[in-house]
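What follows is a pair of complexes built around chain A, which joins chain B in one and chain C in the other.
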Partner chain A sequence: MTLTLENLGLCVQRNWIIRNINIEVQPGECLALLGPSGCGKSTTLRLIAGLDKPSEGSISLFNKDLKGISPVNRKIGMVFQSYALFPHLTVVENLALGLKVRGYSIAEQKRRISYVLELLQIATLRNRKPQEISGGQRQRIALARALLRDPLIYLLDEPMSNLDAQLREDLRPELRKLIISGDKPVIYVTHDQQEAMAISNRIAVLNNGNLEQIGTPQELYLKPQSIFVANFIGRPQINMFEPLDSIRIAVRPEDIYLDPDGIQCKLIYKEWLGQNQLLFFDTPKGTIRMIGDTALDIPSEPRITWKKQKEHHFSTKSGKRIS
Partner chain B sequence: MNYLLLIPATLLLLLVFGFPLIRYFWLSLHASSVLTGLEPIYNNGANWIRLISDGRFWQDLYQTSRFAVFSVGIEMILALVIALLLNNEWKSKQIYRSITLLPWALPTTIMALSWRWIFNTPYGPIDQILNLIGFNNLNILSNPSLAWVGTVIADVWKTTPFIALILLAGLQTIPVDLYEAFRLEGGSPKQSFLYITLPLLKPYLLLGLIFRLAQAFGVFDLIQVMTGGGPASSTESLAIYSYLNAMRFLDFGYSSTIMLASFMILIFVCLSAYIVTITITNNFRRYKL
Partner chain C sequence: MKLNKTLIIFILIWSLLPLGWQLYTSFSTPEALTQPFIFSPNRWTFENYLQILNSNPPFWKYLLNSLIVGLLSTAITLIIAVPASYSLSKSNNRFSKLSKLFLAGSAMFPYVILFLSLLEVARKFNLGNNLLAICIPYSALSMPLAILLLTAAFKDIPKDLEEASVLEGLTLFQRLRWILLPLIKPSIASTAILVFLFSWNEYPIALTWISKSELLTLPVAMARLAGSSVYEVPYGAYAAATVIGSIPLLMIVLIFQRQIVSGLTQGAVKG
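Presenting the complex of A and B:
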């Protein structure tokens, strides 16, 4: 196994930031750590990098326990959310500093740096400083620095969150080509579920420092193991109905359809999504979201229903999936 | 049109800065003393000729520079150490920071008087400590070759916190991410100090240096209270000499000449300090590639 987190936990001033994290990463896999802010995903990454020490549990890389191994010797290529580029150094100097302190000769530094500058098509930026280039370019420099590290594993901490939506989508293929589809494992921290689904082989959903579910994007979408995962994954958000007999039923908006024998409801609002539209219905069970291409006008009072097998059932007590 | 908005500020600067300077210059070209009945009489640059051959002026220039170089030099190094310590995450760090700032908050005259007592022989603690380790009756402030050391010590005590505060503010602008990224790349603590902290602290180091050089070069109150320029004029600064000429000898023409001369020397010193610091700190990160 490439990377194994066993029972990992971090406790700061009697508060458990994360606890009981068990994750195994396969060779060449890209695993997304997904969750809202403060859920512990960045903390998990810092523990792997060795920037913080775990309070319990262990981390092993290629069957070697990382306990007591310094961050450098873990050979990690990390991209920070802020990119962490040195503001007083030019692009080339930013890339060279790490190589220099690791003792590469000047010729070797030059060779490696020209290689990544070509690879990422940023050679024209070589003598600029970070504040003189755009956010997307900065992100590429940060990627270049991680590549230069020639690491055993890549840790990407929300590498795209400082970019605008358009740029994020533009950079995704590049990120995939350079890092994610390589043979080295990647851990990708994000709070954006669409990005996680687009980029990773598997997703680990974290909430309040606990691992809610780990699985492929399809598994998470089709069989969410908890109310939290069901709510967090999938946009437009899943319909959660009021609990009945300590069971909570949820149905995805796309599984709802118009049916003359369905429940009576009232169209109150609609959002144009492009290909289809998102309809909000007022029903006896509360507001229901439905994705449909039907041209319905406000006000109208259609009947809607859904197939029984498309329902997700959760226990209200534990928040976990039933059956 | 935009420049119109600058007029009020420019006028104010001219009034408080330009006018006295021009007035000094004008006075320095005139004899204006008791002998002339305090009437300014044009004297063909005699004040400047007198200045050049005035041994006391050159002696005071040397003493002032010695005071400035030693006190500012020690203060910068001490302040950097203190700022680095205070920048650590400590429990109740606010308290430490406030305590460190206390000496700077004291009025100079009060702390100068206290230091005079601290150095007092035989009642001051420093004299007693010196006696214990075998230096009997060293009497620092009455010793013409040692008194300046006493004033430097007092100045370092008072002003180090000020620079430490500037440097601490500078340290807090450096993101922790930079250090962590560098650590992952293999940088040692010493290397991260040289390659990250020092270059990023450069503007703050310069600011502290220029501020303090200017202040130390014009030192007056501390010395006036602690030693009055003595013993035997051994701690006399240019500001004190100028003050003596104006207020004791009532020679306003010559006093202005001294002030103007030290002002020009100070500008020269600050500029050179600026250039030297920029060159030194740039060398921390210069490597060929």
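Presenting the complex of A and C:
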């Protein structure tokens, strides 16, 4: 196993920031850490990188316990959420610093830096300072620094969060080519579920410092193990009905369809999404979202229904999936 | 806008007029000073400057003394204050909070109260009449403020930056040398200037620790000049001494202007 987090927890001033985290990352895999802001994603990465010490549990890399091993010797290529480029150094100096202290000769430094600068197409920025380049370019420099580290594992902390939506999609294939589809394992932190699904082999969903579910994007989407995951994964959001007999039923908007024998409802409004439309119905069970064809003609008194096997059942008490 | 301009001009006049007056006095003959409106050929003179530069010891000797003391005190203060403030900025336990409280207390303590006991110290350890020894109280007295200022500067550095350099493999010393110190350069410059100014202007300790005339620092030497005769006050020579004494300061301010200003406004704007 490449990376194993076993029962990992961090406690700061009697508060558990994360707890009971069990994750195994396979060789060459890209694992996305997904969760809302403040759920402990960055904290998990910091523990793996050795910047914080876990209060309980263990981390091992290639079957070697990382306890007591300094951050440098863990050989981790990290991209910080803020990029953490040194503002007083030029791009080249930023990249050379680590190589220099790790004992590469000047010629070797030059060769490697030129190589990554070419690879990322940022050679023209060599002598600029970080505040003189754009956000997307900064992100590339941060990636270049991680690449030069020649690490055993990559930890990317929301590497795209400071970029606009267009640029994010443009950079995704590049990121995939350079890092994610390499043979080194990657942990990719994001709070964007679409990005997580697009980029990773498996997703670990964190909530409030707890691991809610870990699995492939399909598993998470088709069989969410808790109410939180069901709500968090999938846009437009799943229809979560009022609890009944300590059971909560949820149905995805695309599983709802018009049916003359269905429940009586009223169309409140619709959002046009391009290839389809999102319809909001007022029903005795509450508001229901439905994805429908744009050509769909909504009658004045529509009736809607869904197939029984498309229902997700959760226990109201534990929030976990039943069956 | 107009009001702003007048205000600035007023403030400039307010703060520069005394300096201008000193400059004017230093080039005037004694007669010209008592009768400001005479227009005689011996209205202007270099006599005041020649007088203080030809005295024994010459005036530039005091300047040199002050410069040695100032630079050395500043160096000692920074060498101790930089590591101290780095570790204070990193720790957040009860001990470091207590230390900060004590530092703030001693930074505000009126040091003049101490000079008698400092005199005792000088006597006991034979530190009198020694330019290197006087740097000890100077740097000790500047230390609290220097540590507080630099601690705040270290705290302002984003945590990510240092952690990124840890992951890159930089040792503590390399981090300070290549990352942290360059980032707090403005604060170091303004702290250094504060320390230097303190020792440049300090009077009571210099007066009591040093009695040999060739070792005097500038403020004491100037006071002696002013009190050298019971019957007259040598205004012209005194003014010339002031002008010469302020030249090094002016030079420092001109050289470090940019750092000082950015140090003063640091933290005013985030980002």
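Here is the rule we use: the second predicted complex is superposed on the first by the 317 of 323 C-alpha atoms of A that agree within 3 Å, B and C clash if a C-alpha of one lies under 4 Å from a C-alpha of the other, contacts with A are read in each partner's own complex, and residues count from 1 in each chain.
Basically, contacts are C-beta pairs under 8 Å (C-beta built on N, C-alpha and C of every residue); 3 or more make two chains touch, one makes a residue touch a chain.
This is a predicted model, so every value here is computed, not measured.
Superposition of the two structures on chain A leads chain B and chain C into a clash.
Using the contact criterion defined above for the overlaid structures, shared-chain residue A:92 touches chain B, although it does not reach chain C.
Contacts of A:23 after superposition: neither chain B nor chain C is touched. Residue contacts after overlaying the shared chain place A:109 against chain B, while chain C stays out of touching range. Overlap of the chain B and chain C interfaces on chain A: residues 49, 51, 71-72, 76, 78, 80, 82, 84, 86-88, 97-98, 101-102, 145, 149.
Remark: chain C residues 158, 160-161, 163-171, 174, 178-179, 182-183 touch chain A in the complex. Contact residues on chain B toward chain A in their complex (touch as defined above): 175, 177-178, 180-188, 191, 195-196, 199-200, 202, 285, 287-289. Contacts from chain A toward chain B in the complex involve residues 49, 51, 71-72, 76, 78, 80, 82, 84, 86-89, 92-93, 96-98, 100-102, 106, 109-110, 113, 145, 149. The part of chain A that touches chain C in the complex is made up of residues 46, 49, 51, 71-72, 76, 78, 80-82, 84-88, 97-98, 101-102, 145, 149.
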